[in-house]
Structure formats: structure tokens, C-alpha cells
Amino acid sequence: QTGPLRTGVDATFAPHAMVKLGGGLQGFNIDLGEELARRLGRKIEIEGTEFSGLVPGLNAKKYDFVLAPVTATPERAKAMLFTEGYLDTDYTFVIKKGGTAIKGLEELKGKTISVNKGSAYEMWAHDNAAKYGFKYDVYGNNADAVQAVQSGRADANLAGSTVAAWAAKQNPAVQTTYTVKTGLVWALAFRLDDKAGRDAAGNALKCMKQDGTLGKIAQKWFGYTPAPDATVVKAGVGQGVPGLDGYDATPVTPKCS
Amino acid sequence: MEQFVFTFFNAEIAGRYWQDILRGMGVTVLLSLAVIAAGLLLGLLLAVLRATGQRAATLAVVAFADIMRSLPPLIVIIVLFFAFPYVDLAMSSFTATWLALTLVLAAYAEESIWAGILALPRGQSEAARSTGLSWIQAMAWVVLPQALRMAVPPLTNRVISITKNTALGSVVALSEILNTAQAASSNAGNPTPLMLGAAAYLVIFIPVVLFARWLETRWRWKR
Amino acid sequence: MSSAPILEIVGLHKSYEDNTVLRGIDLRVRAGQLVCVIGPSGSGKSTMLRCCNRLEEPSAGQIVVDGIDIMHARTNLNEVRQKIGMVFQQFNLYPHMTALGNVMLALKKVQGHSHAEAEKRARRALEQVGLLEKAGSYPSQLSGGQQQRVGIARGIALEPKVMLFDEPTSALDPELVGSVLQVMRELRESGMTMLVVTHEMAFARAAADRVVFMDGGVIVEEGPPEQVFGDPQQARTKAFVSRYAAQH
Amino acid sequence: MSSAPILEIVGLHKSYEDNTVLRGIDLRVRAGQLVCVIGPSGSGKSTMLRCCNRLEEPSAGQIVVDGIDIMHARTNLNEVRQKIGMVFQQFNLYPHMTALGNVMLALKKVQGHSHAEAEKRARRALEQVGLLEKAGSYPSQLSGGQQQRVGIARGIALEPKVMLFDEPTSALDPELVGSVLQVMRELRESGMTMLVVTHEMAFARAAADRVVFMDGGVIVEEGPPEQVFGDPQQARTKAFVSRYAAQH
Amino acid sequence: MEALLQNFFNLQVYREVLPFLLGGLWTTVWLSLLVIPIGIVSGLALALLATQSGSRMLRIAVAVYVDFFRSFPPLVLLILIYFGAPFLGVDLPKLVAVAIGFMFNNSSYFAEVFRAGIESIPRGQMEAARSTGLSRMQALAYVVVPQATRNALPDLVGNCIEVIKLTTIASVVALPELLRVARDAQSLVYNPSPIVLAALLYLILLWPLVRWLSRLEHRNRALH
């Protein structure tokens, strides 16, 4: 295969994927995609598009894989083939600047949480709303969900820690607070029948973790040094996300050039 | 082909999400009815207001109609929903979507009904006034019934296209069909729920267009 | 002679912006009379008629109907208009109502009659114009002549003091003219006061008590039909009348 | 006598579903003749006329125009229709074109004349109806009589063998009728063959070579005007003619 | 109030994102220039089928088509076409997919507008044209359709405005039109000011059209 890798992101997902006002895209996942392509010896074309268009585009072979951050979940694993995770996805609450900090999930009782449509946080909220007694609203993109907090429509916004940190940095009216450890990861998604492609990308990811490239990219965009056992620096054993459909437990020794 | 079916018409995924879509359908139906009723009524009122010929009224109505027809409804919804809380006018996502679409539909309805009023021969209202009917009576019994009939075909197009915009409520957290379908399709990693959503739209709107066609033929009286 | 004027127009002027259409009209119509107004196109006939129930706002002058000054600020126009029936050239029937509905509307909404009473009166009026059997038809299902007769019924049902007709037959096929003129003749016999703008010279000549010839916004000549048609005093009248005679 | 028939109708029948409108019409119009068709409303006059250029599809019968059987399957209708001009009651001018444009359209698109040539011919036709100075006006800027004259010009510009007129003056204000009838008289003098459905009895009487009286879908009587009007042979003709006489 | 200005009328953000948004505006404009003519032409064709065809079946087929596509959500339609076609062995370029999707959706609306326009032309117009020897197609082209278009002009313009607003759905196939770039910018700066700026740009783009539309409606009054 020689042509460029084709993929897409939803460019409303800072700091993972976002536009440059001068043109083009930027963000953690953009750097990740470019590094990946380099290692696979291919060029890459990244399109900014709607999230709704990504999975159909993958299945229609418009895209070779989904570069946009996709949280690997059991439901999705039935429809797509994941590489191993490239980043932990913990969830962080965003509240109004100066609001009362959240110290535990029990404090969510009676509160309203805003989440981004179609995200893993929406799923989390869906699954936990009854348990902790909160309500949640689903917005078109995360900026809207944060805006909802700011204009008092929601008590807190729930988003990936990286995203939450970005929002708090950009928008002085909000701040981050409690973080939920989820044990979930972000992974690249391939078509179910494209095991070869998945494995090649998985192999490259392992190399990027081992030589610290991925960790550097994370530091560049998120501004922290990852812990040694973090997914972003620690390569997995097999191919895919353990415990999910499509996981291939056969141990892999990465071939890095 | 098999792949096509797996992707767009996946029975297993449809089975998992159809109830959600159905719930979204309830919201869409309710919202649509509210928008159609309020939008047409407001449009009618504005057209009548404009028919009074008062300069100020005309100006206000025209400005309203112009702006509402120029702005994409999504933007109106976002502003209503996110900006109005700052001036202590918070409204639910349902209310914001309803209000935005109502205003847009009212703008179009006003223009269509007004065009209908203008198209009526002046003799109609003169005949009515000459038998002693007051202005408002002539409006109610003679002018509007005819103007409304003339406005049906252009209004049908607008009613459908604007009511389909209920989908825009998704940006402000309204769980109508499209929002539910998009969320489901993203969760499932498969666009089948979107197709379910499209089917739901057809179920809702085909009766609307058929009703409009029926109205049009029923009300088409020879001139 | 006979009775007092039921319609009296004094010094009526009407201008549209810079265009003066009526330049001082004086006219009295006595109860029970049929007065025909003739004159070339654009002479202001319609305008004068329409001023009589203030469909057109006069610029100056006085109009008194049955003793009521309709130009007075305190006059309730909607009330006065019931006393002045009007029949239009283009019929102006309400296309969305049946013949009966057309006649009943003002009976119910203006005079406040019950549905039953209004229907009774409407049917009586339709009978007077010979259209009772068409009560349930919509205007589009009626011939022009029938439509115009419904228009007349709509006017007379309110039992007006005076009926105004603006070229009631000129939009009709020649064959249909007769029935409308016939109804007008019968109305006259029943004692209705009528002011009729018309191009039907034969009718004016045969049925009118008085003929008024207008030109250029003034009344040039008026008198009994034999005089206006047979022996016009004014040159303009003469020219107009002879042009018509030549054509028919 | 004189010339051969330029329009020949034989055994023409026409039904709409269960409603038979024409029940066997036989009619021959010789070149240069003006034939008027009269008859009560609904008698099938318009239908017959419209069959002559197949705007209406005849149910049975033969129609020959200038030697060409227009019912024949191989006849090119668009070609034949140029030979048969038609003038409508409602004028049917194209409102989006000037008078000149109305006349030029078929000259250019059907007869394929160059713009310049088409304009020359159109102007000649407009001149014939006395409207050259209105060439640049739109229909809405013309009076009814002027509009109808443009309608006539549109027909004659194609130099047809025969012109059909369907009540060409009945939608006109009485004052405007004269000019249209005048144009028709002049056309006649220039040798045009004309078949005219009309309610203008005076015109039929004065200008027609032959008058045809239709009733109930058949030709009841035909002959020279003096005979049909002065001494009708059939009871139905008599009744019809006398009704008209009474009204005018 | 301060917060309102900060969030919705942030001049600094406006300045920052304006060039970026202008790029989106340009996309919106040329997308519209692409899809509107397609919609008008195909809508007119459908309307002619619906009004001129002697075949009842054909007329019903057109009505079914029109009603179906007026009811079908255009976003889903576009997804189905762009991402569905490859499964049938055709890989449609974006622009082709957008053109087809809008053709289905627009033509149904335009067809209704033209149908109303054509039906408003008295039958006598066609008859007069045919009686001078014009063929049916010629009569339609020179006499009926020009008048129908003029009668329907206000609705045509109204529809065009709706189509311009609808081009926002093209973002699903990665064509970044105005609203989409505004959303992107909003996500970048976490401030909704770009949305308000986009609203202003839409207003500047569409308001002249809307004004023209009203003028048309007034002119039509003069015709009556």
C-alpha cells in the first residue's frame, strides 16, 4: 500500500483536534497521526469533519481509520477494531470559577451535568445518573457543554481530563475540579475486517511509546509529564484493548525501525 | 451489499436503540406541533398587524421578518439558549428551540399570508365594508379565509422545512430524534440509528405533506 | 315634488394627490327614484358613488343619507353603511361562501340576527332576485348574471334606504344582462331608491326617473331621460349620446 | 358560386365522456367569406371552432383546411395551425412580452424568420390593426380593445388561410367593441376568410356573408344574414333572434 | 452584562476569527452557487412532468418522490449518499455527493414551487401559443414557463434562501462552510462569540436577498 493514509477528526475537540485559525489542523491527535504515518512510511490526509461522518466514512472506506479520539467501549468494539490505547481517558468535572469544588461522586446528587453528544462521558453519565442521583444534558459539542456551565444551565461539565484542562485554560470563567478514574483508554479505530491495518498501527504505537515520542507529544499538548505506568508511555502486550472484542492476546514484540 | 446492510441497516444495533429513537420521536412530535401552532398563529397576527397599515407596525413587522428569515435558525437557538441567561431570561432547551423555530416560521408565515392578503382583489374588503362589516370583521370573515387558502402551498414547504429544523435542538441538549440518533450512532460506532431516525422523520412528516396536499385540493376553488 | 331627498350630495370634491377627480358635485335623490349616471370613462362616476358610503374619502363636501350626515366625525360608519347597499361591477362575491352565506354574513355579523332569522331574511332576498334555488351554490358555480343578482341580494337583504350600482352589467355576457336589469326594474317597482352608474343607455332611457350626465368631474346635465337622450342641452351631452346611438 | 371551400367540416362529432356536445356538424367556408356563428350559450359554438385547429380533439368527422385533412395522422399539426389563425375571447396575449413580441414569437420560432424579417412582418400586421404606435407596449398597458387587436395581429401575421374568432368582443367594454369590429371589417375587405362566433347580432347582420345558427350541438339553420335574421325558417332560430331583438 | 459582552460580543475574538470565518463564508457561497441551479433545474423538470404529463402514474410517481424527499432529513440523506455509495461500488467525490443530495432534497421543494406557478397560468396561454403553431415544448419554453417563473419568483427566492442556510449540512462530508468553521472556532477559543459573528455574516449575505424577496412580493401585487 502506497497511497496516503486517509482519516478524519472532529475538529471541535481541543486540544486533541482543533483548527488553526490560519488554516489546517492541530492538536495531540494530529501530531499522533502524523507521527504514525511517518513510521508506517505513508503520507497522511486528515480531514476536519463532523463526528457523525467519521464512522460511516470508515466503513465506507473513505477513511482508513478514525484518528479522532474514540474511547474504546464494549459497544463500539462490536462495530470497530481498536488498536491498543494510546492515552488514558479519565474524566474531569469543570465548574464555574469560584464555585464549590466537587470532592466525590456522592456530591453530584441533585446536580445537573453537561456532556458532549456521542462521547464516552455521555455514556458514563447515562450509566451513573440513577446511581448518584444527578441529571445530565447532552450538547452539540464540548464548548457548548462548558458554556452551559458558565451560563448556569448545568452545575458541572464532564469531559476528558485533557479536554477539561484546555477548557479551563481558554475560558477564565471556569475551572477544573474532581477527576474520575475510569480505566478506559482512547484508541485508534479500524474497520472490523482490517486486522492488518490495525496491527500495523498497533505496532507503531508500541514503538512510539517505547521511544518516548508519544509521551513528548502528550507533554506538548497537555503540559504534564506522564506517570511511568500511564498508557501513553507503557506499551501493551497484545493487539487491541484487553477485555474488549477484537483483542488479540498473542504477545507482540514491536518491530521498530 | 452485505457490508452496506451491516453498516446502515444493522438489525442488531437497531434492536438496541429503537426505543431511544421512539422516545426522541415523542419530543420531536411535541415540539413540531408546538412550533407549527404557535408559528402560524403568530405569523397570522403579524400579517394582520401589518394590514392595519400603521407605519410603525409595518416597519416593526418587516424588520422582524427580514431578520428572522436571514438568520440560520441554529444560531437563533444558540443565542436564545446561551445568551439569554445572562440577562436573567433562562429557558429550557425545549423552550429555546420552540421559540426560535416559532419566530422563524412566524416570519415566513407572515410574509406568505401578507402576500395572500395583497393578492386579494380590493373589491373583496370593499364589498364587506360596504355592507357595514367593521375592519376587523371584514378581515376575519372575508379577507383572511381567502388569503390563508392562497398561502397554503408556499406555507407547506416552509412548515415542513422549518419543522424539520427541530433537529437543531440537538445542539442545546434537546433529546429529539436526530440528537438521540447521532448519540446512539456514535455510541454504537455504526450509523444505523441515523437511518432509524430518518424513518422516524418520514413517519412524522409524510402525513404532514399529505395533509397539506389534501388541504390544497380541497381549498382550490375556481376563480 | 313627491318625497324628501333620501340622498343629498352637496359640493362634493375629491382629489388624489394632484389629480382632481370630482370638482363640486351637487345631487339629490328622492325616495323611490331611480337615478342613472352616465358619462365617459374617467369622468368620476365611480368615484362619486364610492364617496356616498365613504369607501372613498371625500376631500370636501357634504353627504346626507336619510337625514344622517355621513361626513360627521361622530357618525358610526358601519351603521350608516347598512342603509346604503352597494353593487359592484366585478360582483365581488365572497368565493369561499355559498350564495346564501354571502347574503347572510352581514345580517349575522352586522345586524346581529340569529342564524335562523338571518337565513330567513337572506332567503327572502334571494327570492326577490329569483335565485332561491341557487342558495347553496358557490359563486364559481353561478353564471355572471346569477352572481350579480346574488350581489344585489346581499345589498337589499340589509333593507337599505338607497342602493348604489356601479356598472352592474358591464362585466356580463350580453345574454346575461337582461336578467339583472329585470331585477333592477322590479326593485324599482317595489319602491327602492337607486343610484345607478351604467353604460346601458337603453336601460337608462327606459327605466330611469332621472338621468345625470357627468364629464370631467362635474355634472354637466341632468333631467328626465327623454330630455337628456332626446334633446340634450349641452354640446358634450349631445356628443356623448349620439356616439352611443351610432354604436347600437 | 365563386371560389372553392377553404375550410370544410364534415360530420363533426365531439363528446366529453358521457356529454355529447357536437352531433354532426357539416359546414363549408369559401375563400374570402365571413361566416358568423350564433347560438345560445352551451350550444357548442366554441367547441366547433376549437376543433378546427384541434385545440379540441374531435370524436369523429373530417376537417379539411386548404385541401389538407387535419385529422390525418400524418398531418403536421404545428404546420397546419399556421394556416388557421385564432383569436380568443380572453385575448390570451402573453403578458411578459410587448405587443411586438407577441406577434413576433411564432414568426420566429415556427416560421423560422430572422429577427429582422419577423419584426418587419409583425409591424406590418400591427399596422393593419392600427396599433403600430403601441408596438412597444405590454398587454397590461393596453386597453381591452387594443389587446384584442394585438391578438388579431398575432393571428394574421402568420398569413393564415382562415381566421377563427371566438366571441372576440364579448370581454370588452362597450366603448371598445367598435374598434375591434372595425378591424374585422377591414380584414374582410382585404379578402381574409373568417369564421366568427359572436353575440354581436348587429355586426353579424351587417358584415357576414353567411350566418350559421347552432343549437344543441347541431347547425339548425344557415343562410344569408337577411334571411336568418329577417325571416328565420326554424322555430328555434326565430325564438333566439327575437329574444335578441327585444334586448337591444 | 459584562459576561454577556465577554461571551457573545468579544471584539478581540471577532478580530481573531474573522479571516477564518470569511473562508467559511466563501465555502457557503460557492456551495450555494453549485446546488441552487441544480435544484432549480431538476425541480422545474419535475414540475413539468407533474403538470404536463398525460400519464397518471407518472404524476403520482412525481408526487411520491416530492413528498418523500421533503420529509427525509437532508443530513441523513447526505450521509447515506456519500458514505453509502462506496458499498455499491461507486466512490463519489464530496462535491458530487453534495450535489446529488441537494438535488434530491431541493428539487422536491422547487418542484412544488414551480408546480404552483405553472398551475397559475391560465390554460388560454398554452392554447394561444399552440394555435399559432408553436409546439408544446416551444409553448412551454417561451410562453408558460417564463410566466410561471415570474409568478413563482417570491417563493423561488424564499427557497433559495432556505437552501443557502441548509448548506450547513455539507460539513458532514468535511466541507467547512460558515457555520461549521464558526463552531470550530468556538471550540478552539471556548467562547461563543464566533457564532454571533457568523450570524452577522449570514445577515450580510442573506439580508439583501430577503429585501429583494419582499420587493418581488410587492411587485406581484401590482400585477393583480
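When the chains are written out, they are named A, B, C, D and E in that same order, and each has its own residue count from 1.
Note that in this section a residue touches a chain if its C-beta (ideal position, glycine included) is under 8 Å from a C-beta of that chain, and two chains touch if they have at least 3 such contacts.
What you see is a predicted model, and the numbers here were worked out from it, not measured in a lab.
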Which chains make contact with chain D and with chain E at once? none
What is the shortest path, in steps, from chain A to chain B when you may only step between chains that touch? 1
What's the chain with its C-alpha centre farthest out from chain B? D
Count the C-beta pairs in contact for every pair of chains, then give the pair with the highest total. B-E
Turning angle required so that chain C lies on chain D, C-alpha fit (0 to 180°, nearest 5): 175
Taking each chain's centre as the mean of its C-alpha atoms, give the chain farthest from chain C. A
Counting only Cα atoms for the centres, state how far chain A is from chain D in Å. 82
Inter-chain centre distance, chain A versus chain E - centres from mean C-alpha coordinates, in Å: 37
As a quick test, compute the distance in whole Å between the mean CA positions of chain B and chain D. 52
Going by the touch rule set out above, which residues of chain D reach two or more other chains? none
Would you give the residues of chain B that are in contact with at least 2 other chains, written as numbers and ranges? 3, 7-8, 78, 82-83, 86, 121, 191, 194
Numbers and ranges of chain E residues touching at least 2 other chains: 3, 7, 75, 79, 83-84, 87, 192
Residue set of chain E touching chain B in the complex reads 1, 3-4, 7-8, 63, 67-68, 70-77, 79-80, 83-84, 87-88, 109, 112-113, 116, 154-155, 158-159, 161-162, 165-166, 168, 179, 192, 195-196, 198-199, 202-203, 205-207, 209-211, 213-214, 217-218, 220-221, 224
Would you mind writing out the residues of chain D in touch with chain E in their complex? 53, 55, 78-82, 84-86, 88, 90, 92-96, 105-106, 109-111, 140, 151, 154-155, 158
For the chain E and chain D complex, residues of the former touching the latter: 122, 124-125, 127-135, 138, 142-143, 146-147, 150, 223
Would you pull the chain B residues touching chain A in the complex into a rising list? 3, 6-8, 13, 78, 81-83, 85-86, 90, 93, 170-173, 175, 179, 182-183, 185-191, 194
List the residues on chain A that touch chain B in their complex, please. 51-52, 55-56, 59-60, 70, 73, 75-76, 78-80, 114, 117-119, 122-123, 137-141, 144, 147-148, 151-153, 189
